[in-house]
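First chain written, first letter: the chains are A, B, C, D, E and F, and each begins at residue 1.
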Amino acid sequence: MLEVRDFAIERSGLPVLSGLNFSVAAGDALILRGPNGIGKTTLLRTLAGLQEPSAGTCTFPPDEGAYASHADGIKTALTVQENLAFWGDVYGNAVPDAIWDWFDLGDLRDRFAGTLSAGQKRRVGLARLGVIGRKVLFLDEPTVSLDGFSVKLFTQFLRDQHLASGGIAVIATHIDLGLDEAETLDLTPFATSVSGATDSDEAFL
Amino acid sequence: MLEVRDFAIERSGLPVLSGLNFSVAAGDALILRGPNGIGKTTLLRTLAGLQEPSAGTCTFPPDEGAYASHADGIKTALTVQENLAFWGDVYGNAVPDAIWDWFDLGDLRDRFAGTLSAGQKRRVGLARLGVIGRKVLFLDEPTVSLDGFSVKLFTQFLRDQHLASGGIAVIATHIDLGLDEAETLDLTPFATSVSGATDSDEAFL
Amino acid sequence: MSLWEYANPKKFMGWTGPILPWAFGAAGVCLVTGLIWGFFFTPDDYRQGSTVKIIYLHVPAALMAINAWIMMLVASLIWLIRRHHVSALAAKAAAPVGITMTLIALMTGAIWGQPMWGTYWAWDPRLTSFLILFLFYLGYMALWAAIDDPDTAADLTSVLCMVGSVFALLSRYAVNFWNQGLHQGASLSLDKEENVADVFFFPLLVAIAGFVLLFFALVLLRTRTEIRSRRVRALQLREGRR
Amino acid sequence: MIALLLRDLRLATRAGGGFGLGLVFFLIVVVLVPFGVGPETEILSKIAAGILWVAALLAALLSLDRIFALDFEDGALTLIATAPIPLEAVGLAKAIAHWLTTGLALTVAAPVLGVLLQLPSGAYGFVALTLLLGTPALSMIGTFGAALTVGIRRGGLLLSLLVLPLYIPTLIFGAEAVRRGAQGLDATTPLLMLGGITAGAFAMLPFATAAVLRINLR
Amino acid sequence: MIALLLRDLRLATRAGGGFGLGLVFFLIVVVLVPFGVGPETEILSKIAAGILWVAALLAALLSLDRIFALDFEDGALTLIATAPIPLEAVGLAKAIAHWLTTGLALTVAAPVLGVLLQLPSGAYGFVALTLLLGTPALSMIGTFGAALTVGIRRGGLLLSLLVLPLYIPTLIFGAEAVRRGAQGLDATTPLLMLGGITAGAFAMLPFATAAVLRINLR
Amino acid sequence: MIPDLGKYAAEVGLAYAVSIALLVAIVGLSWRQSKRQKAALDAAEARKNG
């Protein structure tokens, strides 16, 4: 259960979004929408705890959050298998055997990650989510560079593995994921009006 | 006029696509489709002359090609305006005033490129295409991270500015650009069977 | 009303504006008096000849070089603990003044060294530790300059200032251990017997007061500039938004 | 933390990973100096110990920017920061990995390269001992510096500028211990100081590193 | 080409751009050496000229990886390669920009830093002269090396390894000219050689740089 | 009125010249930056209000 109350966020001292209230129940996904620059990335980073909100609270079970951005931290000098095994070790999990099917990585298992195409690399990045076994996922445009088939694979993983086992996902995306049961939140109305001031700058305004 | 004959390409000595034949007339666009890893990126780089084809020829008016990849060469320490002006200088063109409208960059003009969101940055990268004034564009997933409105802006630019003035565009993409008049080429049938050997390796086979 | 209220940028601009000219005025008066007194109206030392006149620049600058760093350390701590923006900006503002003082101390010292020790530079501990201090200032300023986000820059430079202070002390001990010095010991102690003669001492005091006041005035002026630039930045960012 | 350490070691030993390059840089500086100062044995043997220490320090310094920058650029650092490892442990693991891939190799190589610089024979043991005691401090201090500059693109030279003054005490005590040792003087004090700096660095700097990383990832 | 040169200079002078850092590195190496070899004036003044040259060389070396790597990472290099500038001109522009931001500053600073190393008074002019003649070669050779390693992530140390042997002739002639000059001997031959290396580098290496860039961008 | 500085005139003069130059430089620099920033702020303020 993820609960966000009176949330306000800023980027480099500039207010970005405010007045956010929402909650996502276990097993549900929330899709964030909004034009470029509205603050989706900033919101996800703040929810994941990488930066402080300027107001409000975000609660979810401790040690259950995980964040995935564009840059998926794949080491080009390690093989796909080694990359995933590392994240398994960090989170104290084994790499599930099924993961190779979930993300159609069987053939790429022993390739160095540096020799993958853009979409293949992305699939490895997403497979990390299946390895770390976190319940609350914050995903920033997860399907960039993926072809239609891979998007389906990913949606299927989310639905059948992650959400089905009581997981939560908050996803920022510009395309249609085909995750019809998920609620959608348009961020446009929450954009902070220009006159709002944040902690760090209000002193100067 | 772009003409590609009996084209075959390789990546790190491994054959990727072969037997490609197509031509694109002035004022037309060609959309490349195909699953991840089929070789779209490799094909575009080869067409643009960044690597040699393993067979066949690609002809287009000399000094008219331009390539745009994911990495759009934007300097984070320069402002948007300075970034575009640099490319204008390199190609000997002035930055057209209309560019700020075409890509909705008016407000961002004096921002440092490093402080833009993913989509805003992408828009700057695309605006470069309007500055350099090249006729034959090879675009690799140009709309990644763009919201629906920006995708429309881009399609509009392609159609009304670039193609309308006799330009050519070859575009690899996984999403629907709404460029309905463009032909589509599915690369799947051209994937080279694994047994094919390339120039540089056949000596060892 | 707590004392901290004066550290609010608006308040700060308010109360510093009027005293700024006075600070510069007082600094100018003290500096001119001290230096003219020292340069024109003091006798030569029997051992050092007229070079003793360099003391009126050298010693105040050396004192302020160290004090500026200490002030930056305190300001950094205040920023880290209480997050008063003016405090971080004052630390930033002090660094260029501090490095100038360090440079003056180094250069007057070097010039003094030629007649006294026969060399512009010797790896004397006092001199060496000033050189190290110069490097710390350089690094600190470079870090400020390299980071775009002002709060991040303030945080990082504050940590650097703290860690750097520990290592600066360690360096001081290390260079003392490493080489025996040529430089004289402190003679500005309260213990009267070791003190320089009064003829040199009083103009020196006035010059020191001048340097202190000048430092104060410059830090005020520069802090005001930094506050303005933060405000410009905030306004510009705001304009840049749709 | 062990997983991170092992991964870093594995990455370092892969192609382009940087293992051994620190060593090579050390070798090259040592080789360059005689070309610069000329071949006289007598002068060389006087400056040998000092040059070895300076070269070791430069070699350590130049491999610092790999510590965090690669992980930062490909996003791994953000992910590690949200993983269940305290950032203090991350800093420590990184410093240890750096020492294992750089400092240890330098320590082993220094006596060998001493030959090129006509190092006096009594000094070999001291060079190895002081490097063994001192290079861990170089790695830990450097890790702090690398964390400080991680957000800055190509912060490599800035990193050097920030870290070098922090390295000076280690250098002084290290080189001084060798010089005293080689002349048969008592080298206890500098050796103790060297050990003290290393111990102190490992006791305090992981926390500073974590704090600075947190700020930079914000 | 002018556009590229101007952009590079502008980037270098922006925050985090690296202008002046080469200089600072030079300063730091010069400062470190006495800490390593000890404070004795007599030894220092003997090795001063050589150390200055070695330090200048290292400072130039360490700023090399900025030449192409930044442009490569953000894709600008690919775009420049398909732009209507010959790659030879790109190489030349990069080398000139590097020299203006590094070599020139080093040349100016070297006599000042000579004071710290107790450089003999007769040697100041020669240090400045040889650096002025020699550092352009360092920039051009380094640009070639940077082009060679541009595809390699964090190739910095590898770059040093590749470039250093190429730098050795410049170093030898440069340091030798200063030593002879300071002792009042005839320094014409090493000075001529130094000039020759620079001229040769600028005549040939832009082409090699362009060729290597072409291969690396493939 | 200029005091007799003896054989060290060059040194003392140089020391004073260098120091005063540096002091003037830092004061001038601070002053110029202050003016610049003030102008920039006034411009930004005007844009905001106008």
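As a working rule, a contact is a pair of C-beta atoms (placed from the backbone, for glycine too) under 8 Å apart; a residue touches a chain by one contact, two chains touch by 3 or more.
On a predicted model such as this, the values are computed, not experimentally measured, just so you know.
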Shared interface partners, meaning chains that touch subunit C and subunit F: none
Labels of chains that are neighbours to subunit B and to subunit D: A, C, E
Interface residue overlap between copies subunit D and subunit E, same or different (over half shared): same
Pair of chains with maximal C-beta contact number: D-E
Distance from subunit C to subunit B - Cα centre to Cα centre, in angstrom: 55
For subunit D paired with subunit E, centre-to-centre distance based on mean C-alpha positions, whole Å: 24
Inter-centroid spacing, subunit E versus subunit B (mean Cα positions, whole Å): 37
Euclidean distance of C-alpha centroids - subunit A vs subunit C, Å: 48
Touching two or more other chains - residues of subunit A: 12, 37, 70, 76
Two or more partner chains touched - positions in subunit D: 16, 73, 152-153, 155, 158, 161, 164, 168, 172, 176, 218
Multi-partner residues of subunit F (each touching 2 or more other chains): none
Chains touching one another, given as label pairs in label order: A-B, A-C, A-D, B-C, B-E, C-D, C-E, C-F, D-E
Subunit D residues touching subunit A - in the complex, by the definition given at the top: 2-4, 6-7, 10-11, 14-17, 71, 73-85, 217-218
Complex contacts: residues of subunit E adjacent to subunit C: 15-16, 21, 24, 27-28, 31, 34-35, 38-39, 41, 115-116, 118
Complex contact set, residues of subunit B against subunit C: 107-108, 110-112, 114-115
Contacting residues of subunit D [partner subunit E, same complex]: 16, 18, 21-22, 24-25, 28-29, 32-33, 35-38, 43, 46-47, 49-51, 53-54, 57-58, 62-63, 65-66, 69-70, 73, 152-158, 160-161, 164, 167-168, 171-172, 175-176, 179
Interfacial residue positions of subunit C with respect to subunit A in the complex: 8-10, 85, 148-151, 227, 230-231, 234-235, 237-238, 241-242
